[in-house]
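In what comes next, chain A is part of two complexes: it sits with chain B in the first one and with chain C in the second one.
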Partner chain A sequence: MRPFTYERAASVEAAVKSAAQTPNAKFIAGGTNLLDLMKLEIETPAHLIDVGRLPIAGIEDTADGGLRIGAMATNSHVAADVRVRSRYPVLTQAIVAGGSGQLRNKATTGGNLLQRTRCAYFYDTSKPCNKRQPGSGCGALEGLNRNSAIFGASHACIATHPSDMAVALTALDATVETLSPSGQARSFSILELHRLPGETPDVETHLIPGELITAIVLPPPPAGGQVYRKVRDRASYAAGLASVAVAGGNLALGSVAHKPWRAEKAEAALALGSSPVEAIAAELAEATHSSRNGFKIDLLRRLVPVAVAQANGGEA
Partner chain B sequence: MSSVLDWEATPNPVKENRAGNIGKAVDRYEGPLKVTGTAPYAYEVEPPSPPAYGVMVSAEIAAGRITAIDTTAAEASPGVRLVWTHLNVPPQGPRPERYDFFTPSPRPALQSDRIYFFGQQVAIVIADTLENANAAAAKVAVTYEADAPMAIFHDHLDEGVQPPGEQDTEIGDFAAGFAAAPVTIDDVWRTPLQNHCQMEPCATTAWWDGDHLTVNTSVQMVRFAQNSLAETLMIPAKQVRLLTKYIGGGFGGKGSFYEDLVLAALASRELAQPVKIAFTRQQMMHGTVHRPATVQHVRLGATPEGRLTAMSIMTVTHCDSRGNFTEHASNFARSLYAAPNRLTGHRLVRMDLPVASAMRAPGEASGTLSLEVAMDELAEKLGIDPMELRILNEPDVDPETGKPFSIRQLVRCMREGAQMFGWGRRNLVPGQVRDGRWQIGVGMAAAIRGNMLLPAKCSFSVDAHGVITVRQGMTDIGTGTYTVLAQIAAETLGVPLGDVRVEIGDSELPPAPGSGGQFGAATAGSAALDAGMNLRKAITEIAVADSASPLFGGPSQDITFQDGVIAIANRSERLADLIRRNRPDGLTADGEIRPAADARNWSQHTYGAHFVEVGVDTVTGEVRTRRMLGVFAAGRILNWKTARSQLTGGMIWGVGSALTEGNSVDPRYGSLINQDLAGYLVPVQADIGEIDAIMLDEVDDKANPMGIKGVGELGISGAGAAVANAIYNACGVRVRDYPITPDKLLAAIMAR
Partner chain C sequence: MKTTITVNGEARALDLDPRTTLLDALRETLRLTGTKKGCDHGQCGACTVLVNGTRINSCLSLAVMHDGDAVTTIEGVGQVGALAPIQQAFLTEDAFQCGYCTPGQICSALGMLAEVAANQPSQETTDLTGPIRLTDDELRERMSGNICRCSAYPQIVAAIRAVSGLPA
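Presenting the complex of A and B:
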């Protein structure tokens, strides 16, 4: 770990101001991912701005029947909220499918969205990784890439986004609220938060430097059932091999791309009356795979129709 | 030398168990310290003065040499006290050509510019704080000339050689027997490289007092490590005191020791200051040892009635380029089933991979994953219940040596397990039982693991309060050694458990070989029993000769020890009173155990039977265990609770071997892909449904004077095979390439 300085931000405004003024600063909230990365010197911030105690941890009803979830609300708190459980069960299911109980108690809503990939080549500093060290190459491309992306990957990076929660939020059409260093608040669809890797896999979001996520806003739940299904090697504390969030007619896929993957082609096919089998086939038509992750295509072909049926009242 | 027949004929307090301490579910002696975080593990031991901290730098190539190593920036880094590489490390004893677990020999660190495996330690940085050491270690710049590593085991299977000093074992004519067999199985199973993943990484706190060294470290074998360290440092062993009081898991991976111990000792001498060095989790994966991968070719031939006529397991495995460790995955089969024509053996491929060595049940853990599935496949082919097939082929004597079994209750394990588990209610046709999205299946497998007794010593003392202290250079790697030694002492001297102290993990105590090969409890405990008997004798002599004692005049042979009271007929006094009067400074007796001269006249093993119920999601290929039962026969059980914990721990590891555990080699780098516990998947709580281990009443009088045997390695043997067999019963698919992960199972389900 490199030496760094630390401050506890007094307010949201002070946090973004400090981020704008301090070179190589990073926000820290739960720290469940950042601290590991700092120990391995994958992240080497010179300054940490602790936003973990800012008063943006509440969950409140919105006027239109949705919910605003403060960015510092912990994963455990959100998953247990009775409104989330009753109106957005897919979100509770996704959150509890991620991490472990201890991690969820610390991890925050904003931090969860910004966690970094679990690609082994990203974590092993002796290996090339364009995300960790731009220009060094991609170790996974010709390597042990069982957990790599099948959508939207580039020759520079085939890593996946590891969040389960983000997949559910993507299916729920969530909006991200932020405060930028200039003091300007803005809000945008969660679909616009994360980027595909392209040539710059080290740049993972469309946030501007120093911009802080302050809340996630959920619109009223879509009509229809919800479910989150995650396939993993062991029953808990394991990255997904693939996952799917169903919320009414909305579908999002996890562990398949550099960002939570909204399955728009499948949704369109479903809306036109296609069967779930046909719908996911339409989405998977554009999937590509590396040497060891082709099974994800078969897996989703089988999993998604079952999940859609389950959301619609079928057997779990 | 003694005979096992003497052991059998001689009564002793452990066998008689009058106070009932033996077999009882006694809580761990050191449990409160561990659960309150107050047991000082090696890295946490407070040295006599403030320590410096070491961080090791590891090689980032798998083969080749260091062409340059620039330590200038590291040396100039804040707080740095020293930086050593192969160019300036102090002289150490030379590495032997070969080494093993039992012969002490030097283990020098940072020896040359050659790199033999990825993760080999190439430099050490010592600084005033751990943070400064870490920061400086990152500044050590190493330039390599890398060779292409030979790292793809499966590409070199044909290059395997006979392990040194071994040969294939053939009984009868396997080829002819197999060719003539009307029903055959002929398949290949693969098991992956596995890491131990002990909770406590290897770590050392070292300091010197003049020319005397004290090291607190985490090793399974006290005397071996003490002597090997002394030889490495080229000083007499008596100048080295090695302490290893609390150990956070060993599993074979701490059978030897690593650079943390050697470099902490050297650096603390150089700096005249205590030094602490620990491996990181990432360094543990490459820089210590692992269980090597295997490819096992199993061939079975049987009559239509289910009698095995031919049986063979041939294993190919790998070790490091300078090693000779062999994962003996075929050996257990030599004693398991009767078959007139038999062939077993191993081939070893030396590779540019980290060092292969022992990991829990070396041999059995891997080997049962093939043969015990092959038996299931054969049973299905024959239309015979897989348990009945095993019983049909139960041998009367050891099928290879012809020696009688000391005791063999394998069939009883299977029968009783079947009864308790409800084996008879299973559906014989795969894929017929469903619970929601899960297809349910059950499977079983047999377990076998050899038993050993090694030489050991022990001492027992009694003080003026009647408190017994057991002293032994033994280790407790989480197994329960502290606790069972206390039980043996309490039972032997007739004192309450609370009046026993146990001191182990110290090279100044009477030597015992340590923990490994499931020989620990039998070996250490038998020496303890002998020490206890000698102390009884010494106490008796004092009592009958003390005119102030009600026991004065004897007869000695009638003396009893119970509840802290010694008595002859109706004359009694407190043990503490006798000692206070006669030996106010206490009384000590020594004891020892040696293997019996005729011990090898019997074929001696521990046995078990596993029964498992799994759910398979045939949509996703996910497998979850729902129910596991193991029934074991392993001699007299000293402590129901710690033995059961060891057995269920082994069973859970079997689930991991079947379903999740394994490390893959990236052949371009010769390195392992999983370097932490988020990537290397051992089972978590949620992976294990109901689990239980039953221990049959058994005494193996030929094992040792107590009739006990080990259980540390028995639980894993066969457990993974039972899971694989249950998967087949659930969904009708077999995957012979472990672990059976969803991607592999899904491919097999789709290909069906």
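Presenting the complex of A and C:
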């Protein structure tokens, strides 16, 4: 690890102020992804602002029948919340499909959204990676790209976003609440949080420097069933190859793009009365693949109709 | 950087480089070498300890993040001559070969059983609104953050089952 200085933020306001004033500062909450990357010197912050004990870890009912989840709520805490389990089961299912028990006990809601890709070329500092070192190229394009993106990729980057939780939040139409260094609070759709790679895959979100996620707000659950299904190389504690979150008529796909992928074409087809098989085919019509990840298209073609049927009370 | 952590019931005042992980503070500074360093990246679980009763990977946490916390390591679970029931169960069930993963397995199991008692779900939990039934599939899923390269898994499951007081 490179040397850094450390402070524990006394308040949300103090945290964003410090982030704005300190060059190369990063927030740390659970630390499970950031410290892993700091050990590899992929992340090299000069200053860490510990936000893990800020009083934004609660889960509360909202006036309209939704839930506000504090950004510091741990993944375990959110997954176990009785309101989440009964009203947003897709969120509990997605969270417990990710990581291990130990990791979920530390990982936070805000940090989970901002975790970095698991692309092998991002992790291997001897290889080119435009995300880790802008301008160095993309090793995955012609390399080991079995787990790369099939939606929204660019010639600069074909990495995927690894979160399971974020896929469920995307299907649930969650809103992100933040505080910026100027003291301004804002909220926006989770669809507006992450960027596609384009020419600048190192810039992964639309957050401004020093802006802190403070909460995730869920609207009342949509009408209809919910389910999260994930396909991976082993039964537990493995990143996904492809996943799907179903929440009523909403569909989001995981591990297939630089961001949680809202399957809007499939949703539109379903709304017009298409079968789930036809609906996912409409979405996959614009999928592209590299040399080794074409199987993800077949996986989704089979996975999504099963998940939709399961959400609607059918057999798994 | 000054940090005070209560380790196995005793307040320990430390002065650490901020880079020091909780794992390294335990092993290198406090010489509590029962907690093991395996992968150092949160993938193997050998470094699992209990922080305020909750299991975490001590390799993926900075010691300075734990100022004021209460940490339990394998040394605090039990000692030779005064083994905790789960330690005795690992012996009785022959739940290890080389033993390197064992401190992490035991601390993880204690944290896991507390999670079950608190009715926290896992991906094997089919009824999210009912009580948890600790089937073997549930137990194995909940312990997937701890690997045993000697592959003593059946005996580890038996040892944890024995102290859980819960039917399969």
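Criterion: the second predicted complex is superposed on the first by the 316 of 316 C-alpha atoms of A that agree within 3 Å, B and C clash if a C-alpha of one lies under 4 Å from a C-alpha of the other, contacts with A are read in each partner's own complex, and residues count from 1 in each chain.
FYI, a contact is a pair of C-beta atoms (placed from the backbone, for glycine too) under 8 Å apart; a residue touches a chain by one contact, two chains touch by 3 or more.
The shown structure was predicted, so the numbers you read here are calculated from the model rather than taken from an experiment.
Asks: After the superposition on A, what does A:Tyr237 contact: first (chain B), second (chain C), both or neither?
Replies: Touch status of A:Tyr237: both partners.
Asks: For A:Phe295, is the partner it touches chain B (first), chain C (second), both, or none of the two (neither)?
Replies: First partner only.
Asks: If we overlay the two complexes on their shared chain A, which of chain B and chain C does A:Gly52 touch? Say first, second, both or neither.
Replies: second
Asks: After superposition on the shared chain, which partner residues are touched by A:Arg146: those of chain B (first), chain C (second), both, or neither?
Replies: first
Asks: Looking at A:Arg118, would you say it contacts chain B, chain C, both, or neither? Reply first, second, both or neither.
Replies: first
Asks: First (chain B), second (chain C), both or neither: which does A:Gln93 touch?
Replies: A:Gln93 contacts chain C only, not chain B.
Asks: Look at A:Pro3 in the shared chain and tell me whether it touches chain B only, chain C only, both, or neither; answer first, second, both or neither.
Replies: Touch status of A:Pro3: both partners.
Asks: Under the contact definition given at the top, report the residues of chain A touching chain B in one complex and chain C in the other.
Replies: Residues 1, 3, 100, 235-237, which sit in both footprints.
Asks: State the interface residues of chain C toward chain A in the complex, per the touch definition above.
Replies: Within the complex, chain C contacts chain A at residues 1, 17-19, 21, 40-42, 45, 48, 54-57, 60-62, 64-65, 67, 108, 111-112, 115, 118-123, 125, 128-129, 140-146.
Asks: State the interface residues of chain A toward chain B in the complex, per the touch definition above.
Replies: Going through chain A, the ones touching chain B are 1-3, 40-41, 100, 118, 120, 123-124, 126-127, 139, 142-144, 146, 231-239, 241, 295, 298-299, 302-303, 306, 315-316.
Asks: Residues of chain B touching chain A in their complex?
Replies: Residue list for chain B touching chain A: 60, 131, 134-135, 138, 282, 436-437, 619-622, 624, 659-660, 664, 666, 668-669, 671, 673-676, 678-679, 681, 683-687, 741-743, 746-747, 750.
Asks: Hey, which residues of chain A end up touching chain C in the complex?
Replies: 1, 3-6, 8, 28, 31-32, 35-36, 39, 48, 50, 52, 76, 79-80, 82, 85-86, 89, 92-93, 96-97, 99-103, 105-106, 235-237
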